[in-house]
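Shared between the two complexes below is subunit A, which has subunit B as its partner in the first and subunit C in the second.
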Partner chain A sequence: MTSSPEHVAPEADHADKARTVLQRVADLRAWLFLAFLILGFEIWSRVSFGGTFLFNPFNIQSIAVFAVAPLLLATGQTFVIISGGIDLSMGFIMGLAAVVAAHVINWATPGMGLGFAVIFGALVAVLVAAIPGLVNGMLVAFLKVPPFIGTLGMFGVARGVAFLLAGGTTVPVKNEVFAALGNSRLYGVPYIIMVTAVFVVIMHYLLSQTKFGQHNYAIGANAQAARRAGINIKWHLLRLYVLSGMCAGLAGVLYAARFSAGAAQAGEPLLLDSVAAVVIGGASLFGGSGTILGTVAGALVIAVIQYGLVFINVAPFWQFISVGVVIIISVLIDQAQRRFSGGRQSE
Partner chain B sequence: MDRRKFLGAASAVPLTAAMATMAKAQDKKFTIALVPGLTTDAFYITMNKGAQAAADALGVELVFQGAPDFNPVTQVPVLDAVIARAPSAILIAPTDTTQLIEPLRKAHDAGIPVITVDTFIGTGVYQTGAGDADFPLAYIASDNILGGKMAARALAAAIGGAGKVYVSNVKPGISTTDQREAGFKTAMAEEFPDVVVLETQFNDNDANKAASQLQGVFARDADLKGVFGANLFSALGAGNGVQQAGQTGTIKVVAFDAPGSIVDNIKTGLVDVAIAQHPAEIGYFGLVSAFAHLTGNSIPVSIGTGFTIMDASNIDNPDVAKYIYSE
Partner chain C sequence: MTATPLLEVRHLSKNFGPVQALSDLSMMVRAGEVVALAGDNGAGKTTLIKAISGVYQPSGGEILLKGKAVSFASPQEARDQGIETIYQDLALADNLTIGANIFLGREPMRRAFGILPVLDRAKMAEAAKSTMALLDFHVSRLEAPVSNFSGGQRQAVAIGRAVYWNAQILIMDEPTAALGVPEQRKVIQLIHQLKAQGRGVIFISHNLQDIFAVADRIVVLRRGVRAGERRIAETTHDEVVKLMVGG
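Here is the complex of A and B:
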């Protein structure tokens, strides 16, 4: 808050405070919805076959592992959506990073040894993932291309490059350390969950506690006001899309570690899940609102539904319907809440 | 009627001139187009290599053009562009049994012979005069129902002929993966009465989802014995789910198709058995059939290619390893 310029009117300060309170409620709403879902599955399990859903550590861990990839994409997407944009290229940037990680690790393992090859390969993959992010940022910030179109173009470019690098197929990785990163655990907690948790905490700090995060909300709420307040919007957007590219890059590296394979289409089915997670988490697609904590709840909601429906043995076609209905209900609740609290028009 | 007569007459010309055509085959270069179900899949890339080998041997120019995903909406424009270039013949893996009939009829009406590979239109039974999809000259593919049955037998053998299993599949509506699932269930029902086949789980080609589904099924049915992954990502995901659940070796995984990553998983024990198709064979015989037709020879209306069963015991044998899909 110290970064707020002095010439912001006091009324705006009140509005700001009111908004953060609303925001808190919105976060809580996603978590409440998650609790409600888990309760539903718990009751169903007990009634229908006398089992437990929540008190089975195996279920919790399976759901957490399932949520890793969509959550990493959704974390980057949260920043972009708050700024009023969207990044449609993340799915294939993830695939590109997975393929690059696989190739680089295979190439580096004989020379560097198992461990260093993994670190090197992961770094290269995340840096390569930053390149399409940088191009996205330049298109959106400097060439005024609407984010939807610019990142859709990059979706195609990243997809093509990823498939070219992969030779149109999946690239197997031969490195035991990398496979252990993807599948082993420490004190019962899988490494990929630890990596994701640390990353998400850092991203939460970045969004909620830093000037970068404050500027992000300001730009999404009202870009003109943000410009008049002296925020360098172009520079901000450039860094923003690089950040989302790197989130997708990390997701790609962890995917390649888990499946010991770099697949160009790894992230393709996850993109829409990631957008849904952000929206369920309480962000507005019009920009200006949303939190990382909300997005975590959103990603868990999707993971819990999809896992839970298998667990309670719902027939496959009903699973499609249930997932769709739950997403719609979740967003409807959000809309109703916004209307009651009159939050929208004040932005 | 007029048009059909005209076409009949037109096709009679090359037949009567067959000898001349064959003589001229050396100097007149045929161009044959191969339109795969999708371009980004080791199966079709390997098929293209088989077709290319035949094309090189016969002095034919091979054009490989397709869409990046398995979808009629994206395949049809590619097909239209291919037809516009008027190739000598088209080999195609149609992405839908009904939606591709009219687009392919355009090629047929333009006098371009059509042969379907891997997947089919209509019923897959051609040149019978029945139905509106009997115009392709031949269907060349592995018998996916048989492949599914082989997967069932391999899985039943691995689990000792009794226990709970399920099919991890992509999504409903794809002729080949639907047939694999049907064949699997038929063989289990007829030959292995002690095997219980649970609900099929669809993963939208997402390995992450396939892994989670395996964990969900296992969490409910702790006595799960095996899973059949009907395509690459279904098997890759199911194998990872078994690993995440700490059940490697206890829950058996049978995979369909044999790209490099599945073969690696056989070596590390994550996948127990892979049913490999012979895509190079499909491509080779597809091209040879088209060439034979173009040079005035008759061709069989259907060619079935085989399967190879891969497991840890034979994967290093060169006679088996040659069926690993090329990268």
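Here is the complex of A and C:
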């Protein structure tokens, strides 16, 4: 065998430590935001009321309960955004699920008893929520409709169906077990927080440890490469949008449990919060990056801002401004990071 | 030189409706041999490699792999038989690690705590390290996404993926076109490595310097037919250019 006269191997790889550390910091930015916010509110609280903000269990619990529904939407949204799409229909799918859960539990309680009716109603609501998700998936995967438009259409459909089923009003639920699910605690921890925590852990596992999650990242970065590698993109997208519909379904069930009522507009203000949580959590709207842990931090940042500003007696409208500013800062960091890591060539 | 060629193409033709993109083309690749495909735009180079890699079904002629006639209904089938095509855009997921790219679509799993199936990242990193070392590229950033690597290194990743899955024939479409000069040399070096490992390489290039640096033979196409074939040791730039432009 002839060996080449000019032996120019690819240069030995040298890890750039400073760069890696900076990247880590940028990846953790949502948690840093959260820490700064909590620190800020803590100082404010001590200075003006002489009391603690963070170490008050009531505050922590309120923030967590506040974060439940946006976080559930945001976990599904994280998957969709990583794949390079967006799901605008989640808010009204949540409302639809809340209304369906309310109706089904009311209908089933006399026959099945309190507990089984709740389980049955919750299952039906989540399955019903999967239907608009399935339609979204078919539109995006098979009919090549851009996700923004397809899910915007489903936003309207789910909204209309939810209001029709609710008869234009809220549907009260008469079931003590359901009310307990939404409002009772075990060892001081509300049930809905436990359910959410378990669900978020499962979603984290799905995204970071399974082929489904890995393919989701690959499709978001380079769908062509994913297809050439033999990944069935259509099937993946179909399952993806069903998953996000079911996340919204679970959020709707927990909402109905908390208020003992199903309301079509339950998720209306939460959709944009969910997108914001994902973006603050470090995902890129161009697809290919993001984590569930980041999204958890993003959802907590929003909840802390909303609750904290009420706590320190600031006019509630400041929430919008603060969340908006955090989103913009977050996106700016993402852009800077992108330029920083993309601009480097070896020579 | 008497051994059965790794790949042989006999009288291959392909037409798209009335357009004859390729006619009566024959060529072969032996183990450890690098064959360059050259020709002007529209000469049929891309049609030829697409027919070999299963993207197109040829209209006539046959393809023999190690002496046996084969036909591929899809690129996946060609890949299963050891023919891997590396396109210019490399088809890498930039946000994933080298290991994850090597295993994209066929990720290895292990069981955490004996029950829970999880991605076997250790295995992927290990395979990345050893495969890239075969190509003389010693990686330490096994956790870094491939976007952090240079153009030549990324080319090495794309080649490494083919090597890991035991490709016997690598078809490379303009592997050096998008690279700077030092990076081009690295890719030429990679092709030398593949040759030394006894694999067959077909590469399309417009760059005669690259062709003369690494190829054993050159097949020149012009308007869908073979304009000529030369051993690199016995030809010159001028002769090849004449073959390409005709005259």
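Going forward, the second predicted complex is superposed on the first by the 305 of 347 C-alpha atoms of A that agree within 3 Å, B and C clash if a C-alpha of one lies under 4 Å from a C-alpha of the other, contacts with A are read in each partner's own complex, and residues count from 1 in each chain.
The rule is short, and it goes like this: a residue touches a chain if its C-beta (ideal position, glycine included) is under 8 Å from a C-beta of that chain, and two chains touch if they have at least 3 such contacts.
These numbers were taken from a predicted model, which means no experiment stands behind them.
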- After lining up the shared chain so the two structures overlap, which partner does A:77 touch, if you call subunit B first and subunit C second: first, second, both or neither? neither
- Task: State whether A:69 touches subunit B only (first), subunit C only (second), both chains, or neither.
- Result: first
- Go through the superposed model and pick first if A:264 touches only subunit B, second if only subunit C, both, or neither. first
- Message: Which partner chains sit in contact with A:311 here, subunit B, subunit C, both or neither? Use first/second/both/neither.
- Response: first
- Of the partners subunit B and subunit C, which touch A:209 in the superposed model: first, second, both, neither? second
- Can A:168 be said to touch subunit B (first), subunit C (second), both, or neither? first
- Task: Answer with first, second, both or neither: which of subunit B and subunit C does A:229 touch in the superposed model?
- Result: second
- Query: Is A:295 contacted by the first partner subunit B, the second partner subunit C, both or neither?
  - Reply: neither
- Query: Thinking of the overlay built on chain A, is A:220 touched by subunit B (first), by subunit C (second), by both, or by neither?
  - Reply: second
- Message: Using the touch definition from the top, list the residues of subunit A that touch subunit C in their complex.
- Response: 1, 3-4, 6-15, 20, 205, 209-211, 214-215, 217-218, 220-222, 224-226, 228-231, 288-289, 341-342, 344-347
- Which residues of subunit A touch subunit B in the complex? 49, 51, 56, 58-59, 61-63, 65-66, 69-70, 159, 163, 167-172, 174, 179, 183, 190, 255, 258-261, 263-266, 268-270, 303, 306-313, 315-317, 319
- subunit C contacts subunit A in the complex at 32, 75-76, 87, 89-96, 100, 104-107, 109, 112, 116-119, 135-141, 144, 147-153, 156, 180, 182-183, 185-186, 188-190, 192, 195-196, 213-214
- Message: Looking at the complex, which residues from subunit B come into contact with subunit A?
- Response: 39-42, 45, 68, 172, 198-202, 204-209, 211-213, 215-220, 232-233, 236-237, 240, 243-245, 259-261, 263-265, 268, 325, 327
